[in-house]
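Okay, handing you the structure first.
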Amino acid sequence: MFLKNAWYVAAWSHEIDASLKQVVVLGEKICVFRNSQGEVIALEDACPHRKLPLSKGRIKGDNVECGYHGLTFDCAGQCVWAPGGGRIPSAAKVRPYPIHEKYGLVWIWMGNAAIADADDIIDIPNFDSPDWGINSGDAMELACNYLLMCDNLLDPTHVAWVHEGSFAQAATKDTPLKVTRTDNGVIVHRWMMNVEPAPFYKKIVEFEGNCDRLQHYEVRYPAHALIRAVFTPAGTGGPDGTLDERTFVMDSYNFMTPVNERETRYYWFQLRNVRPQDAELSKMMAHDVRNAFSEDKAVLEEVQVGMTHKTSPHIDLSIDAGQLRFRRQLEAMIAEEQMVDEKMRA
Amino acid sequence: MFLKNAWYVAAWSHEIDASLKQVVVLGEKICVFRNSQGEVIALEDACPHRKLPLSKGRIKGDNVECGYHGLTFDCAGQCVWAPGGGRIPSAAKVRPYPIHEKYGLVWIWMGNAAIADADDIIDIPNFDSPDWGINSGDAMELACNYLLMCDNLLDPTHVAWVHEGSFAQAATKDTPLKVTRTDNGVIVHRWMMNVEPAPFYKKIVEFEGNCDRLQHYEVRYPAHALIRAVFTPAGTGGPDGTLDERTFVMDSYNFMTPVNERETRYYWFQLRNVRPQDAELSKMMAHDVRNAFSEDKAVLEEVQVGMTHKTSPHIDLSIDAGQLRFRRQLEAMIAEEQMVDEKMRA
Amino acid sequence: MFLKNAWYVAAWSHEIDASLKQVVVLGEKICVFRNSQGEVIALEDACPHRKLPLSKGRIKGDNVECGYHGLTFDCAGQCVWAPGGGRIPSAAKVRPYPIHEKYGLVWIWMGNAAIADADDIIDIPNFDSPDWGINSGDAMELACNYLLMCDNLLDPTHVAWVHEGSFAQAATKDTPLKVTRTDNGVIVHRWMMNVEPAPFYKKIVEFEGNCDRLQHYEVRYPAHALIRAVFTPAGTGGPDGTLDERTFVMDSYNFMTPVNERETRYYWFQLRNVRPQDAELSKMMAHDVRNAFSEDKAVLEEVQVGMTHKTSPHIDLSIDAGQLRFRRQLEAMIAEEQMVDEKMRA
C-alpha cells in the first residue's frame, strides 16, 4: 500500500536526458525524458493501442512516437497522430505525471494531478548555503519493501550491530530513545553524553577528546528521512546544551521510492557544516556512506524474506515505538486517501 | 486456447535424426525421432510408469526403451516389454501423433488422429518450381503468444516503424487497407502506387524507377501466414493492373507453432520469382529476413508483457480489423471443436 | 508431508564448526554451530524480533547474537539480552532442536523434543569394526521429493537401465523380487544365481568365476536405506546358502533429508568386508559410487518434473510393490502423528 498524493524521487536529474527511459514507481511503469526546453516529461509507459512501452519508441520533436504503429503523444499525454486515416480515438491518451526538479532530483507526483503542489516537496534549509558542504549523492536498489528502510531510519539502535565499524560506539547499544510525533512524521532521538566519537565521524570532527552526541532520526510521509548527527565537545551538548563553534553537524537526507511492494530505489545525499569546499572530504564521505548503507541493504533484504515467510509470530520491542507510530499514521493516511478516491468515483 | 485438429510444424526435417529429441507443441511434450525406414515418429514424451521422458531413454531397433526400467514402446506407442515377469498392463501405452513431412518440414497433427489428413497441409504452389528460388528457411523462439505474431502478419502498417530500414517506405505509414475473409483465414492487402521500392527489395528488383507495390498479408487457421510482396513497374500494378515479365514477387511463408500460451516457435522460408539458382542471393535474403524478424521479436515480446500486465484498457484501431476478424473466427472454431469433444466424451 | 518425530541427518560432522551456518530440514530454516564444548547447537534460524536469520549474526561465547539489534540467545534458544533497557519479552525465544552426533553425522530431531531418544538413530553394527573398510561418505543435492529416492532404493530393477555400466548385469533386468515388511520399514531382495559379477564389483571381489548375487534393498522410516550387496562363489549363495570366507559384502547406507517437498539432501557412505585399511580402494569406491548416484539424480529429477506435471495417469507395475508398501505405511505414520498433535493442541 502506498500514499499516492505525495512527491517521490523518480531519478537524479543527471540521469535524465533526451533519450527515453523507463522508471517504475509504486508499481507504475513511467516513460521519462527531457524535452527541448529542458523540462522532464513523465508519461504512462504503455501505448494505449497494444501496450508497447513508449520508452521503446522514439522522440519526435517534443513528442513521443510509439515504436509499433507510430501513435504519437505530446508532453501532456494526448495522442496527436494515429494510423488508419488520421482519426484519433478519444481514448488514445496516456497519463502524464506532474514533475518538479529540486535539489538535483526529479520529483514525481503519483496521485491526483490537480492537487500537486511543488511547495510540498521536502524543505532542505541549508542546501544552497556556502557554509555547508555536500556530497553529491547516490542511489541503490533494495530488494525489500520501502517501510523496512523507513523502520531502519527511525531506529538509532541498529547502528551498534549493523554499522559496528562506522557509525557505532558503545553508547549506541542501549541509551534510551525519545519518540516525538510531528505534523508530517516521527522523530526518534537521543543524546549520548561524554562519549568517544564513532569511527566514521572521528575522521571529520575538528575537536579533540570526548563529545556529546545527538542521533536525530526523522522520517516524514510518505518515506523521506532526515538523519541529523551532532558531535559537540563534552559538556556543550544535551537537550539544554549551548553547543559552540566547534559543533559538527551532518544532515543525511534519504528518499525511499517504492518500485513495488518488494523493491525500493533508495536515494540519498548529506550536508555537513565543516570544510564545505573540500572535495576530497565529500568523496571520502560519499564512499563511507555507501559502504554503510550496503550493510543496511544486506540486513533489510534478509528481513524482507524473514518477515514475508515467517513461520512463527514476530515480536516488537520498546525500541520500535517510533517506527510503529510512523507505520500506523501512514496506514491511516493511505486509508483516508483511498476512501476519498472511492467517494469521488461514486 | 489452441485449435487441436490442425497440422502444426514440429521441426525442420533436417533437425530430426535417429536420436531421441523432445519438442513441445500446444503445451504437450513429444518425443521425436527418425526410425530405420526414415519415418519420423512422434510419441507422448512420458513413460506411463513414472513419467520419465522417453527422450531420456534409448532407441532399440525401431522401438523406444525407457531409461528408468526398460519399458519398451513401438512406433504406435504400444508397450511391447515391461519388467516384472513380462506382463504388460493394458494401460501401458503412450499417445502417438500423426506426422507428415512436406516442404522440408515435419508436420504434426495435434487433435483426433482419426481425422488427420495430410492433404489439409497448406498448399505451396511454386515450392518445387525451377522458376522459383528459395532461401532455406529458419526458425526462432518467441517469448509471446502465437496470436501476437498472427496479428503482426495481418498488419502491413507496422513495417513503417518496426522495419524502418528494410521493408518500410513512406507509403507504408498510412495507405488504407482492404480486409477479406476467406474460407480458411483472413487477407489484409493494399496497393501503393508509383512509390520508391523499400530498401530490402531495392537490392533485388530488376527494373529501374518507381514501382507499384502490393502488400498481401494472409493468415490461415490455425496460424500459418503467406506474405506476398509484389513490386512491378509503376503503371503496371494495382487491382486492375496487368503486371509484366519484370514484376518481382516474393512469397514469405510463416508457420507459428505454439509451444504454450506464452511461447512460440516461429518457422519461415521465402520463395521468389527472380534468379532462382542464385545461392548468394538466397543467403543474403535469408540473412536480411532473420534480421527483420528479430525486430518483430523484440516488439512482440514487449507487447506480450504489456498486454498481460496492462493497468489500463487497451484500444483497437481501424488498422486492426483483419486481426480482430481472424481472432474471432479462430475462437469460434476452437469453441466448436471443444463442444464436439465434450459431446463425444459424453 | 513429513514424519516429524524422527532423526534426520542435518550435516556431516566435519561440516559444522564454530561459525554460524544455515541448514534447511523439512522446510524449516535452522542455525547450526559448534559451541566451545564442541557440542553442535541447532536453533530456529530467525530472530523473533524482525526475523533476521540468526546465522547472519555473531557467536558471543556460547550464545548467538542477532546481527540487527543484538538480541542474544543461549544454546537452549532463550533470549538472555535484548535492547530497550534490558527487559526481555517472554516471547523472545527461538526453538532449539535436539542434536546427536553419530557415525560422523549430525542427527537432528524435528518433532516433539520431549520424546527425542538418541537410541532411535539407525543402528550400524559394523561401523567401528576393524574388519570393515569404509569410504568416507559424501552428499549431494537432489531437485526431487525425498520419496522418489526412497522408491529408488526399494527398486533393484532400475540398476539394469540407470547403472548399465556399473551395478548392472543381465540378471538385474527381470529376476523376481521378494518384498518383506519389517517393524521399521520394507525390504525388497532377490538372489541371482550363477551370474557374472557386475562391473563395479568385479574390480573388488576376490574370487574368480561366476557368483551368486544378493540385492538386499531396505528402507526404514522416515527415509534411511541400507543397500546390501553380497557376491559369493556360485553355489554358496541363495536363501539357503552357506556363504564362505570369500563372500564379499558391501553395505551402502543412504540417508535422505527432505529440504522441502521438492528438494532433498542425500547423504551416504559404504562399509565393505574386504581390504579394510586400503585407502586407495576406499577412494576408488567413493568415486564410482558418486558417479552412479549422479545417474540416479539425473533420472529422479526428470521423474519429479514428469510426475508433478503429468497430463495422463501413471501406472504401477509389480516391481513397485515394495515402494508402494513403504509409502502407504509412512503416510499412515504421518497421519497418526498429526492426529496426536491435534489432540494435544486441543
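The first chain written gets the first letter, and so on, giving A, B and C; residue counts start at 1 in each chain.
Everything below uses one rule, namely that a residue touches a chain if its C-beta (ideal position, glycine included) is under 8 Å from a C-beta of that chain, and two chains touch if they have at least 3 such contacts.
Treat the numbers as computed from the prediction; the structure is a model and nothing was measured.
Participant: Can we say the copies chain A and chain B touch using the same residue numbers, with more than half in common, or are the two sides different?
Facilitator: Result for this pair: different.
Participant: Using only Cα atoms, superpose chain A on chain C and state the rotation angle in degrees, rounded to the nearest 5.
Facilitator: Between chain A and chain C the superposing rotation measures out at 120 degrees.
Participant: Taking the mean of the CA coordinates per chain, how far is chain A from chain B in Å?
Facilitator: That pair's centroid distance is 50 Å.
Participant: Pull out every residue in chain A that's touching 2 or more other chains.
Facilitator: There are none in chain A.
Participant: Which positions of chain B touch chain A when the two form their complex?
Facilitator: Contacts found on chain B: 155, 157-158, 160-162, 173-174, 176, 298-299, 302-303, 306-307, 310-319.
Participant: Chain B touches which residues of chain A in the complex?
Facilitator: 28, 44, 46-53, 56-57, 65-70, 82-87, 89, 91-92, 95
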